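Below, each structure is written out as structure tokens.
You will see two complexes here that share chain A, one where it goes with chain B and one where it goes with chain C.
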Partner chain A sequence: MNEAMQAKVPVLSAENLSIALPEGGDRPFAVENVSFDVKPNEVVCLVGESGSGKSMIAHAVLSLLPKSIAVASGAVTVARQNPTKLDRRALRRLRGGEAAMIFQEPLSSLNPLKRVGKQIEEMILSHQRPTPSAAEVHERVQQLFTQVGLPNPKLLEKSYPFELSGGQRQRVMIAMAMANRPALLIADEPTTALDVTTQRQILRLIDDLRRDRGMGVLLITHDFGVVADVADRVVVLRHGKVVEQGTVEEVLRHPKEAYTRELIDAVPKARLDDVRHKTIRPESLLEVVGLHKTFRVKRGWLQPPREVVAADGISLTLHEGETLAVVGESGSGKSTLGRMIMRLTEPDGGAIRFNGQDLRQLRGEALRQARKQLQIVFQDPFASLDPRQKVGDAIARGPMAYGTSRAEAMEQAKKLLVRVGLNVVAADRYPHEFSGGQRQRICIARALALKPRVLIADEAVSALDVSVQAQVLALLAELRQEMKLAMIFITHDLRIAAEIADRVIVLRKGRIVEEGATADVFTAPQAAYTRDLLDAIPGRDFFDQPGFASAAGKIPTARMSS
Partner chain B sequence: MDAVRAFLRHPSGMVGLVVLLIVVITAIIAPIVFPVSPWEMVSAPFTPPGEDGLLLGGDTLGRDVAAGVAYGARVSLVIGIASAIAAMVIGVTIGAISGYFGGKIDLVLMRMTELFQTIPAFVLAILLVATFNPSLLTIILTIGAVSWPPLARLTRAEFLRLRNREFVEAALCQGEGTLRIVLGHILPNAISPILVVTSLTVATAILLESALSFMGLGDPNLMSWGFMIGAGRTVIRNAWWMSVFPGLAILITVLAINLFGEGLSDVLNPRVSRRRS
Partner chain C sequence: MIRPGSAATVGLMALSRIAQLVAVILVIATFNFVLVRAAPGDPAQVMAGQSGASDPKLLDDLRKEYGLDKPYAVQLASYLGRVITLDLGYSYRQRRAVVDLILERLPATLLLTVTAFCLALLIGTTLGALAGLAAGSVLDTVFTVLSLVLYATPVFWLGLMLVLVFSVTLGWLPPFGYETINVKLSPLERVLDIAQHMIMPVTSLAAIYLAIYARLMRSSIIEVAQQDFIKTARAKGLSGPSIVLGHMLRNALVPVVTVAGMQAGALVGGAVVIETVFAWPGLGRLTFDALLQRDYPVLLGIFLILSIVVIVLNLLTDLIYKLIDPRMTTGAA
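Right after this comes the complex of A and B.
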């Protein structure tokens, strides 16, 4: 077989693959009649919302499906082998040999008790025959560390996983996957747990390695931005069936199916119209002055405690009816800021002025009364509802605590449920009967039941699928108008900030790096850090993302033709 | 309701439940089956089992062992359940306060709990019962007072786990008071393991009560299994039935409660029950 021929043989192909779910599930098949190929030197993205079966396919490729779930019909071929037909030994050679996989959460994929260098050595030793000498293995590990761009390989190979940052851990995982020069790399949401700037580096690394080695990459993601950045071809999945597949250009520019169109439209995009500028009224509602907070983590007896600065003199003003986005990467202190305003975390210094009072001075009943006007929606809709409390009670409890009668509070709760797009009967159900998006609607209804003046949304849409995310954002935007709410919108996703906010604050390590009107911050960022963040937005060149059009001073259509 | 259905399918848990029900029924119908008081001397002393109309024989004074075992079930169950509830009330209260408020309160309460844990429970129980007059109430309170530390520690751990959950914080932001949050949000979510440990505490309470009665520190007006074993112990080599039958009763009851408790634990622990399904 010559090289040209070789290039055409797919490293992975799925033919009419169906995976059966155990009886009593919500559908008979996790995946139904799915066919696609991954050729060498090609990145194929499997895109879909949660429950679309995309991870199932990845697990089927390496025969990693749970015992109760099996391939019902069709076949997967990986490097000319069918993993379901292989015996244990051959399967072990395949996994980590010809086909390697990396997962979403690098911390839980690494053995916490072993030095990372050893873990990679193990990977080489268990696959390569004849067994290479210790010196060879060591050299190979050093090489791999260098290839995945880890600084100072000599020092890092002796580290334990907990000593590395999230991005470094994912690089170690990639090095491990690369150890035996696989023909196929399966990456299951490899950047979902990472910050945007790190995400960009990791995606770039995967792409570089793909080009160097001509391997096929199956990338699983829910983010169309990521697809636009790295994919050659896309497979769109919904409820276990292929909705559409084709090249990135075809699918993203000219989607044939309504569902694909919907998903692409749901990607948050900058709407930098200037209508919202006029809505800003000068009266300030909430004022944060010089807020300080340092977390001290005890380490050992003799070591000094580790200090993490979450707020280093943060000052901000929230005007009436205004939406202020607080953006930053993990560890920037953005959530702590929201929690300090809610008095859930006690600041070390500074003042929070609201309604002519300093919230920090309030205690007991006075604090309880002040809290009524400030409400918060948390990130995880599964953790923020009491699993043993009916939805109606959850919403009515707040007003009842402030003296509203039960009947009246329930009446109001039902109205709110309808307002956030749920059915009245939802009031008598328990939270586990609802999906993530529905739960987040319930949380919003709960927060609004007290008719607050300020709503803090702490990553309120980050845990949701894009299409649901778009709906919840739209709901928040409507309610903001209706109830004249001022909002502090805490998010790591700049696209969302650009879509909803009037003003943006960029936080880094507890300090405000940049502050200004959304349009200004996104089109003419002053701080280098803000520019980095903007550059890292996935799919920025593809969708009309903030910072692109005006920063370059070109009309977006001119770019599309190039 | 799902939990009940799952329990009905749990084999060893069901065995425990059935045996326990038999013990409970025995306790209830004891006065009907044995209308004569178990203290009454109804036959010649040392009557072997099966003779003279006594199924399980008679004791050193000619009292019916079968009647004693049946009436003893009442004492054991009442004391076991009541003192486990007493232990639960004390333990949950201390654990809840400790876990919810934390800080200095936690420090003081936990050191106190450790103090109780370092003293052997049985020695402390003997001391308490000997100090007060042995009666049903004092025995229940004593067993409760020495059995609460594990429940306090468990409750504290559950409260620490739940205290910073977002739904608890949400309730706080909604203006709900401390008592409301503790009783309405945290406790209902912590109740499963507490119930399991309480059910197992019933078994240890029955053992403690038997041990106290064996030492002659039980309520002198109550016929209990421990007392019967204590009374028959000196003659066990020539009249085995006087100690063996009440001993078997203790063994079977405690075993049944343990099986029931473990079944309950499997059913209420979502990780285990999910694996089974």
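Right after this comes the complex of A and C.
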């Protein structure tokens, strides 16, 4: 970054910003004494775990905070204006005019009942004066679609959000944000809901647009890989306070604070070339042979049903005590595979052999006995526990269903709770009293109560903060040793797979594109698709190389469609 | 590619639903036929009894004449054939064709129910939207209490109270009937006269539905207001009214349309009570009278016609639903 640019007035500056929470919360301020600047043509990352207040700051910039939450002291200055002091009309000019915002979940951020072209037109019409003609607006929308790399703008502008892919939706959001050439783009976890390859494309797009227009970007993220790839400067937040800030190089390479260090260390398997080597014991425990599954989605009359192939001849073997990672992007069929092995989803064809029996042939009591040995932990620890059932009951019900007395099952449940790092008294509490990480521990205890031989973890740590994620992964690794568990670890995060797995299977559209020992897959991938996935992991340049390479300017310019 | 929400897809939808509709009507007609046969006695006995000479010879002749000696399957086929051509039989009580009786009464009932339905929907959703937008305010509380009171009020009681206040005490409105009889009126005066007669029955009939739609719209608006795309709209710098009109209303209407469609049929049922209270010469009254007089052909005819009305209303709801929400045509939502 040159000196002339440094000297420019920041497009956004926060000075001693404090945002008050309503009384009776766990802390008086969501954000306390936060100061930072975003200069033109600069990407500043706000990074922190959930509850750090990073989203609050982003919302305060456009005065979008909920009614009960207000800026208590300090100020935000956006394009020389203080949004809290503006009248309604000036605030509307600021929102979407000088500063635009994109959000985490592009599907819910777009009106589902309005064509995307119309939603962008609205952005132009509400800001530009004199009001441009319909033809001018239309042309501008087409231009924007082209700029954000959306194919076939003519067809696309007539589409509804649900007809687009996740990446296309986020591109529409970006096109909308760019409509009035804002000086500042606020991106609140813009790629968290996207696949890794799409994430890379979107980050590149934001970076390209930033460069073309000299726009300042405030990027909110929890992912240090993303920070390493795109940020010029970083602000690390914890409990609403700035832990440290500086250039990417300073903060990531030479963190001053222990907390920053912890966060960086918690990134699973930062060095991808350094993965576990383990000799696999030959006894196979679970064998899946030629599994097929096609979902048919009914459409309108006269239209053929839409077919989604979730499994197209999947065969795999899981050995005793082995951890097998199944990785793939959304829609690759990885969760369906887990559910089919559990017989929660019925396959169309193929066989699942477990312990010498074909699970697909089992009925009634035999199936019940077999199921006990296969247990699953789901992604969302909030949705997978019954909110009206005490934690102890949730764990004890399984063994009780197989004949253990209630007293004995509760005793076991308490032991398990202690084993997964919780307190005995947790048994008498309800799930809502626990944090996400604690709930996931409860889910693990629940699965282990039946002493399974195979544990299927379906994105079991994906919803957790990075430091909590590291703890849960460590717990699973310990339990695997202790209980001689074989694990199928389903994940979209390749770093997690590298961290925990002995072997890896890469799925794409229901087919296995690559299979092998973790070390082989990560250091010498055979399939082009695997290489794409690996390349797309954010922060590779930073984490993989011993010498630091500045992230700025490292991202090749490419506009790909998703 | 056929675009979801386009006229072509909705047109195809309509065709497929009309085919289903005909099938459903035939099933209902079959059911009706079985009901008639399950009832003791047969039409021949009724007719012979009415003519006052029930000797076996006459019965046999009548049975032969009306095809009652043929197997049930053949009788069913010819009955369904008659239903298709809208031949619903003959009322011996009223000495008229059932079709004529029904067609004569249908307009009055439709006028009453359609007006009540539209008013309930329009006023209900408007009040509900206002209350939802101002959730927690005094206005919201007043609307909520009001709609709860309306919801809890029995339809006939409300009707009687209206008559008591506006006709008996104040004398502002005619207490019953469809129009003033034995008076010469110009066409415009006649319309106004009918409208005046309609005020109280429509109000009584609409009240409960108005309350339901208001409650529903209120919670729907509150829910939509919390959606991410409303935050997007605010971040775009749109004004309050354009957020409400451009983004909230249509989304909030989706659940209201669903419920309104399901209840439109029930509205006709509610009309039976109201038409009795206000001596309104519609299908409701006809049903009530036919029930008391055990006039089976009329009852069966009314049931069939009402089923058709309900099916058509459901079809309309589905089509409207698909026009509002493009996701419905592909089952993607």
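The definition used in the following text is that the second predicted complex is superposed on the first by the 527 of 562 C-alpha atoms of A that agree within 3 Å, B and C clash if a C-alpha of one lies under 4 Å from a C-alpha of the other, contacts with A are read in each partner's own complex, and residues count from 1 in each chain.
Going forward, contacts are C-beta pairs under 8 Å (C-beta built on N, C-alpha and C of every residue); 3 or more make two chains touch, one makes a residue touch a chain.
These numbers were taken from a predicted model, which means no experiment stands behind them.
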Query raised in the report: Is chain A touched at more residues by chain B or by chain C?
Result: C
Requested in this report: May I ask you to decide whether A:Leu113 touches chain B, chain C, both, or neither, giving the answer as first, second, both or neither?
Outcome: second
Report task. Mind working out whether A:Met342 is in touch with chain B, chain C, both or neither, as first, second, both or neither? Result -> first
Query raised in the report: Regarding the shared-chain residue A:Met176, is it in contact with chain B (first), chain C (second), both, or neither?
Result: second
Requested in this report: Would you check which partner chain A:His127 touches, where first means chain B only, second means chain C only, and both and neither mean what they say?
Outcome: second
Query raised in the report: Which partner does A:Ala100 reach: the first (chain B), the second (chain C), both, or neither?
Result: second
Query raised in the report: When the two structures are overlaid on chain A, which partner does A:Tyr160 contact: first (chain B), second (chain C), both, or neither?
Result: second
Query raised in the report: After superposition on the shared chain, which partner residues are touched by A:Phe378: those of chain B (first), chain C (second), both, or neither?
Result: first
Requested in this report: Identify the partner contact of A:Met215: answer first if only chain B is touched, second if only chain C is, both if each is, neither if none is.
Outcome: neither
Query - Complex contacts: residues of chain A adjacent to chain B - result: 342, 344, 368-369, 371-372, 374-376, 378, 380, 383-389, 397-398, 401-402, 443, 446-447, 449-450
Query raised in the report: For the complex, which residues does chain B have touching chain A?
Result: 165-177, 180, 184-185, 188-189
Report task. Name, in rising order, each residue of chain A that touches chain C in their complex. Result -> 62, 64, 88, 91-97, 100-101, 103, 105, 108-114, 122-123, 126-127, 158, 160, 162-163, 173, 176, 297-303, 306
Report task. Show which residues of chain C lie in contact with chain A when the two form their complex. Result -> 2-5, 9, 12-13, 15-16, 227-229, 231-239, 242, 246-247, 250-251, 324-327, 329-333
